[in-house]
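One chain, chain A, links the two complexes that follow: it is found with chain B in the first and with chain C in the second.
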Partner chain A sequence: MSRLLTAENLDISAGSGRIVHGIDFAIDRGERVGLIGESGSGKSLTCLSLMGLLGDGLSATGSLTLHGDTSSPETASDDLDLLNADENAFSSVRGNRMSMVFQEPMTALNPLMRVGDQVAEVIKLHRRAQSASLPADQPNATVEDRVLDLLDSVRIPEPARAARVYPHQMSGGQRQRVMLAMAMANGPELLLADEPTTALDVTVQKQVLTLMAEQVERAGSSLLFITHDLGVVSEVCDRVIIMRHGRIIETGPIDQVFTRPEHPYTRALLAASALRTDHSSGRLLTPDTVDAAAQNQHRPAEDRLSISSSAEAGSPAAAAHLAIAEDGSAPVFNQAESPVLEVRDLTRSYGKAGFLGRGRVVEALRGVSFDVAAGQRFGIVGESGCGKSTLLRLLTALDEPSSGSVRVNDQAISGQRERRLRWLRQSMQIVFQDPMGSLDPRMTVVDIITEPLWNAGRAERLRRAKELLEQVGLPQGAAEKYPHEFSGGQRQRIAIARALVTRPKILIADEAVSALDVSVRAQVLNLLDDLVDEYDLTMVFVSHDLKVVRHSCDIVAVMNAGRIVECGPADAVFDTPKHPYTAELAAAIPRMKDNVA
Partner chain B sequence: MSTPETASSTTGETPQPAQRPPRRRRAGTGLIIAGGTLVGLVVLMALVSLVWTPQDPTATGATNRLEGPSAEHWLGTDGLGRDIASMVLAGSRVPLLVGLGTVCVGFLIGVPYGIAAALTERGAGLWMMRGNDIAQAFPALLLAIILAAVFGVSTGTAVIALGLGLAPGVARVVRSGTLQVLSRDYALAARAAGRGSIYLALRHVLPNIRGIIIVQATVGFAIAVLAEAALSFLGLGTPPPTPSWGRMLQDAQSVLNIAPLTVLWPGMAVAITVLGFNLLGDGLRDRFDPRMERTR
Partner chain C sequence: MALMIVRRLGVFLLTVWVASLVVFFLLSVLPGDPARAQLGLDATEDQVQALREQLGVDRPLPVQYMEWVTGFFTGDMGISYASRAPVAPQVLDALQVSLLLVAGGILVALVIALPLGLLAAVRQNKPDGTLFSAVSQLGISVPNFLAGLLLIGVFAVTLSWFPSGGWAPPAAGADFLRHIALPALALGLVNGAILARYTRAAVLEVMREDFMRTARAKGMKPGTALLRHGLRNAMVPLITVTSIEFANLIIGAVVIETVFVVPGLGSNLVRAVGNRDLIMVQSIVMCVVVLVLLVNLLVDLLRPVIDPRLRSAT
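The block that comes next holds the complex of A and B.
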């Protein structure tokens, strides 16, 4: 196999600060390489430097060469120095010899241009320059034919119709397929993919990954796949490069790196991604504890759960495992004697039917009934648009249902005036997904944490804030700082502190760890575990991440299209799913090649 | 939102502040300096005129009408023999006062109205904005003329009329800023913590829209200065004998053929003031208003 790309001593810096520190790597023709790292590791910048797309103020030094194809004499001397290439040289390479798929399918396509025209543009742009090298099997193919071919090859249904629609008329998965079609249009030698499936649901992610592997294989291209998700990498790559703080920590064939990692950080990352737990304590392994636990045998999270949930006294391990009936009638899931949270026939629709049937009604929730008993950890999983956010807003009385009821401790909370919900605001708290947006950037940490304490004095607030900071593992000095001074994981700790300041009975976690890096995720999940025990909380945990829910919850409800389709003990639901949707969801989780598998 | 930050180290999350890339020169600095200098100059003129002017700006003289610049009269005299330099100096007081008053009136009405419209239930809030649209469609100068006709010509009437004219625009901008803040999770968290609308408005909304408010105030100031000059020019602003740039322009208009320079000085004063506030406003907007943030 001949070399396609060589990077030697590649440095990327912003002003005087170095972000990437002299990394070396190489990609062979036809090789599929995964570049893995957490946020701030410099993986995306490395990728952008390959395309010559570094932003202003960022500069790259070292050497970066795209080699010509040595298998044919005409192209053998096509070596290109990517760091010193001018814009003209790049224009003929981008979209042609190298192309890229971005993370966000919503913004990567021009919203005002028909999809087919956008694909055609990429073809036309480079066809002029290389009209001699048209695909040999179809020398007279028009651009239109080629567009339809491409759309068909990424399995977009009815390509002729799809070519005429605008991007907003397509789903996220379809848009990412169109991006892939555009990237593959000219048979690139190197395809760069920067977190291409991170914004997609798991079932869609699986389809796109399969498709990408297939396309790259067919065109004989190399792939550089950038991601933070080790499971996803296992699906598509042969070799991985692990980056951290702008340095390459470890590199090698994927089987070797994932089964016999050499660097401690790689081990920590692997453990955190698999949500592996320490066998003796039942806690998730974090970067601090992974090496200590390395002597002990690693066990996957499932083992711990089955052991502890059966061992926990009074835990309602015998909860019924129910699925929605064939005829669509839904039972009351997880029925309990005296539930803390009781939801009955809840529906919520948005929009109005409008005059003469114009206007649209969107039914976000279609008859949801379940109970949550005291002390339970109740997980809700589902893909985007399944109604889990709507359900959450109704559970917290931040929105009114169209019909049905929510009762907390046997008191109705829907349709009540805000004045009458004072008790609820003290006894039920929420942790949000995005730790950036859930903290007011202009308030100090003390003010943020004590916001729910509306009738406490200044001294009392300060005392309580410090107490909580300690409980969530932040230094007391954090109290007078502002949110931007903290990292994502620390901000989420602050958000958790705010949620616990009133000593609530119920904690609602809305994708509380989804925005965090995997190593931080394990720490925050451990923290939540501890605090749920300490505060004797009933937790409702909403997430799209099945692994996390399985680890953190006793009971899991699977939502799809506004209803709960299945609910039962976590292990039972995932191991022996009763509803086809649950089975599909469980199968779509990217599996890591792993020594415990 | 996604500032590059250090990934937490293997030893856990050490509480070190997120590392930022070296700071570029902040946006709008040049504009702020240029605008600030011009505005500072005008404010200085107003302050100096309080204690000293070259001549008495109101003293007329039949013998020295329309003189050219001299040692005694730096910028010459006008049709009534008044010293133009002194009048330009003293004339800066009224526009600045009117600008300040207008911005105060406009914001005391516009900010609460805008926040309230954003906070109230959908339907009522939308009706509030429709009312706002009607108010905005009404020209402020016309309002000023009506008020002047009803309550008599005075600086106060001008301030109130211009303030009322400014408020709807402010309310509109403040409402959109408030809606943005309310859509963030921290506003939702405050509601879920049982906090009421007034708390939300004071603790979350106001601090987070202060940039927008400052920008609007600066731009409003420029508009008010220009409008005051226009009103005075029409004889509906500050009544004589208090010197005012607008009325100086009107006086000069009648002698334009004989002494064209008399128009130049007050005209320049108005232009410099408005330019100064506009530059300052643009600079502050570049710095504060996230919607104008350049992606460089």
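The block that comes next holds the complex of A and C.
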């Protein structure tokens, strides 16, 4: 196998600060390499430097060579020095010999241009140079035909219609397929994919990954797949490179790295990704604890039995495992004697049937009934658009249901004036997904945490803030700082401290760990676990991540298209799903090859 | 789409109606009697009363409003209190002059703003880009009447290239151009500087968009990517800003017309206010209001043409 790309001593720096420290790696023709790392590891910058698309103020030194194809004498000498290539040389390589799929499908396409035109553009840009090497069997294929072929090859239904629509008329998964079609249009020698499925739902992710592997295979391209998700990388790559803080710390065939990791960080990453727990304490392994715990005591989260503290939290041992009936009628899920949270026949529709039926009604929730008993950890999983956000807004009385009721501690909260919900605001708190956006950047941490304590004095506030900071594992000195001085994981700890200041009875975690790196995720989940016990909380945990929900919750409700389709004890729901949708969802979770014993 | 057009038109008509109420009644309740103002303090009460009847200002306000508003939209705006001549032809003549002047001002503003803003954005951190930014910053801080006086000083008085004031109709050809040049320039310079800032911001914003990176990744050179994908996206906010600037220009024209002695809506308005020619003031103000609303309506209808995302939204 011949060499396609060589990076030697690659350095990337921003001004005087070095971000990537002299890394070496190589990619062979047809090889599929996964570049793995958490945020700040330099993996995305490495990828952008290959494309010559580093932003302003960033510069790369060292050597990066794209080798010519030695199998043909014409192209054997086409070596290109990527770091010193001029704009002309680089432009003819981008989208042609090398192409890229980006993370965010929603913004990567031009919103004002028809999809077909955007695909055609990349063909036309390189066509002149390529005309000699057009496939002989279809010398007169027009660009339009080629566009339709490409859209068809990424399995976009009705390519002719799809080519004429604008990006906003497509779903995220479809847009990512269009990006893939564009990237593969000229049969690139190297496809770079930067977290291409991170923004997608698991079932869509699975389809896109399969498609990508298939396209790369067919075109004989090499793949450099950048991701933080070890499960995803297992689905598409042969070899992995692990990066941390701008250095490559381990590299090798995927089976070897995942089964016999040499570097402690790799071990920690693997443990955190699999949500592996310590056998004796039932706690998630974190980078600090992974080496302390003996290897043979690690067990995958899937095997977790009743060791978790949550099982002893006083919840009924055996909740019923139910699914909606074939005729579509839904039972009351997780029915309890005196529930903390009681939801009955909840519906919510948006929009209205307008003049002459022009309006559009979206039924976001279609008859949801369930209970949450005191002390339970109730998980809600579902893909985007399933209605989980709508449900959350109704549970927290931030929105009014179209019909049905929500009762908290046997008091109705729907249809109440905000003034009369003060008790609810105190006894129910939320931790949001985005640790960057949910804290006011102009407020100090102490003000953020103690804002609800409006009648407490300055000293009292500070005392309480420090107490909470300690509980969430932050130094007391953090109190006087501002949110931007903290990392994502630390900010989420602040958000948790803020939620706990009113001593709530119910804690709602809305995708609370979805924006965090896996190793930080394990720490925050452990923290939540401890605090739920300490504060006797009832937790409603909403997430798209099935593994996380399975670890953190005793009861899981699976939502699809505005309904709960199945609900029951977490392990039972995922191990023996009763509803086909749950089975599909469980099967779509990317799994790591050969779980470490 | 059709529904949206109907809705926008409805909103437009409603706004025009509310505006006509505001314009008429606010100006009517101002102190000062048009008849007394014309006849002077020496006139007897009977004389004043007679003129009131002749002008029709003795009738109840709603009746006067109905007459004025129907007249306004049928081209009969009544008789000027001051000159006793019909208002409509005067207003229409002035409107034509003002429209030409404002169009000239917009043209100057765009010719200045688009290249300057684009260059300032593309060469953001380079000396020339910074210079462009500084020039536009300076331009914003110059009031347009001052720009007008400076232009007269240099190009009319010292160099004698252009007349220092007055007007010639478009039919006069070269003479028209010589007369419109300085006022249009004075009007456009300052607004061009403001628009240049917006252009720079819009282009910078677009250059940071993911799809621009996608365009580069397809193999486009930076300039091509900006032309093919960037500019049209930057247009979306710029069109809105330009329509707001249009209102600014019409108001700015009031001052510039006075400085350059151009017989447009602005100078007529100033004169009518001085003469307490209430009906003239009402008609001119209403004219300006309708003009601004009309431009906003056009822009509202134009934006979905450029941005497909606005087509499905109502």
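The definition used in the following text is that the second predicted complex is superposed on the first by the 580 of 597 C-alpha atoms of A that agree within 3 Å, B and C clash if a C-alpha of one lies under 4 Å from a C-alpha of the other, contacts with A are read in each partner's own complex, and residues count from 1 in each chain.
The rule we apply is simple: a residue touches a chain if its C-beta (ideal position, glycine included) is under 8 Å from a C-beta of that chain, and two chains touch if they have at least 3 such contacts.
All figures in this text were calculated on a predicted structure; none of them were measured in a lab.
**Student:** For A:39, using the defined touch cut-off, is the partner it touches chain B, chain C, both, or neither? Pick first, second, both or neither.
**Tutor:** first
**Student:** With both structures fitted on chain A, tell me whether chain B or chain C touches more of chain A's residues.
**Tutor:** Between chain B and chain C, the winner on chain A residue contacts is B.
**Student:** For A:528, is the partner it touches chain B (first), chain C (second), both, or none of the two (neither)?
**Tutor:** Neither chain B nor chain C is touched by A:528.
**Student:** Would you check which partner chain A:268 touches, where first means chain B only, second means chain C only, and both and neither mean what they say?
**Tutor:** In the superposition, A:268 contacts chain B only.
**Student:** Contacts for A:113 in the overlay, against chain B (first) and chain C (second): which applies, first, second, both or neither?
**Tutor:** In the superposed model, A:113 contacts chain C only, not chain B.
**Student:** Determine, under the contact definition given at the top, whether A:147 touches first (chain B), second (chain C), both, or neither.
**Tutor:** Neither chain B nor chain C is touched by A:147.
**Student:** First (chain B), second (chain C), both or neither: which does A:381 touch?
**Tutor:** In the superposition, A:381 touches no partner, neither chain B nor chain C.
**Student:** Taking the superposition as given, does A:56 touch the first partner, chain B, the second, chain C, both, or neither?
**Tutor:** Both partners.
**Student:** Jot down the residues of chain A that show up as touching in both complexes, chain B in one and chain C in the other.
**Tutor:** Correct list for chain A: 56.
**Student:** Residues of chain A touching chain B in their complex?
**Tutor:** Residue positions touching the partner: 14-17, 19, 37-41, 55-57, 244-245, 264-265, 268, 286-288, 396, 398, 418, 421-422, 424-426, 428-430, 432-434, 436-443, 447-448, 451-452, 454, 473-475, 477-478, 484-490, 495, 498, 502, 517, 519-520, 523.
**Student:** Looking at the complex, which residues from chain C come into contact with chain A?
**Tutor:** Touch list, chain C to chain A: 3, 125, 209-211, 213-222, 228-229, 232-233, 236, 306-309, 312.
**Student:** Any idea which chain B residues touch chain A in the complex?
**Tutor:** It is residues 1-13, 15, 17-19, 21-22, 24, 184-186, 188-196, 199, 203-204, 207-208, 296 of chain B that touch chain A.
**Student:** In their shared complex, at which residues does chain A touch chain C?
**Tutor:** Answer in residue numbers: 51, 53, 56, 87-88, 91-96, 99-100, 102, 104, 107-113, 121-122, 125-126, 166, 168-169, 179, 182, 358.
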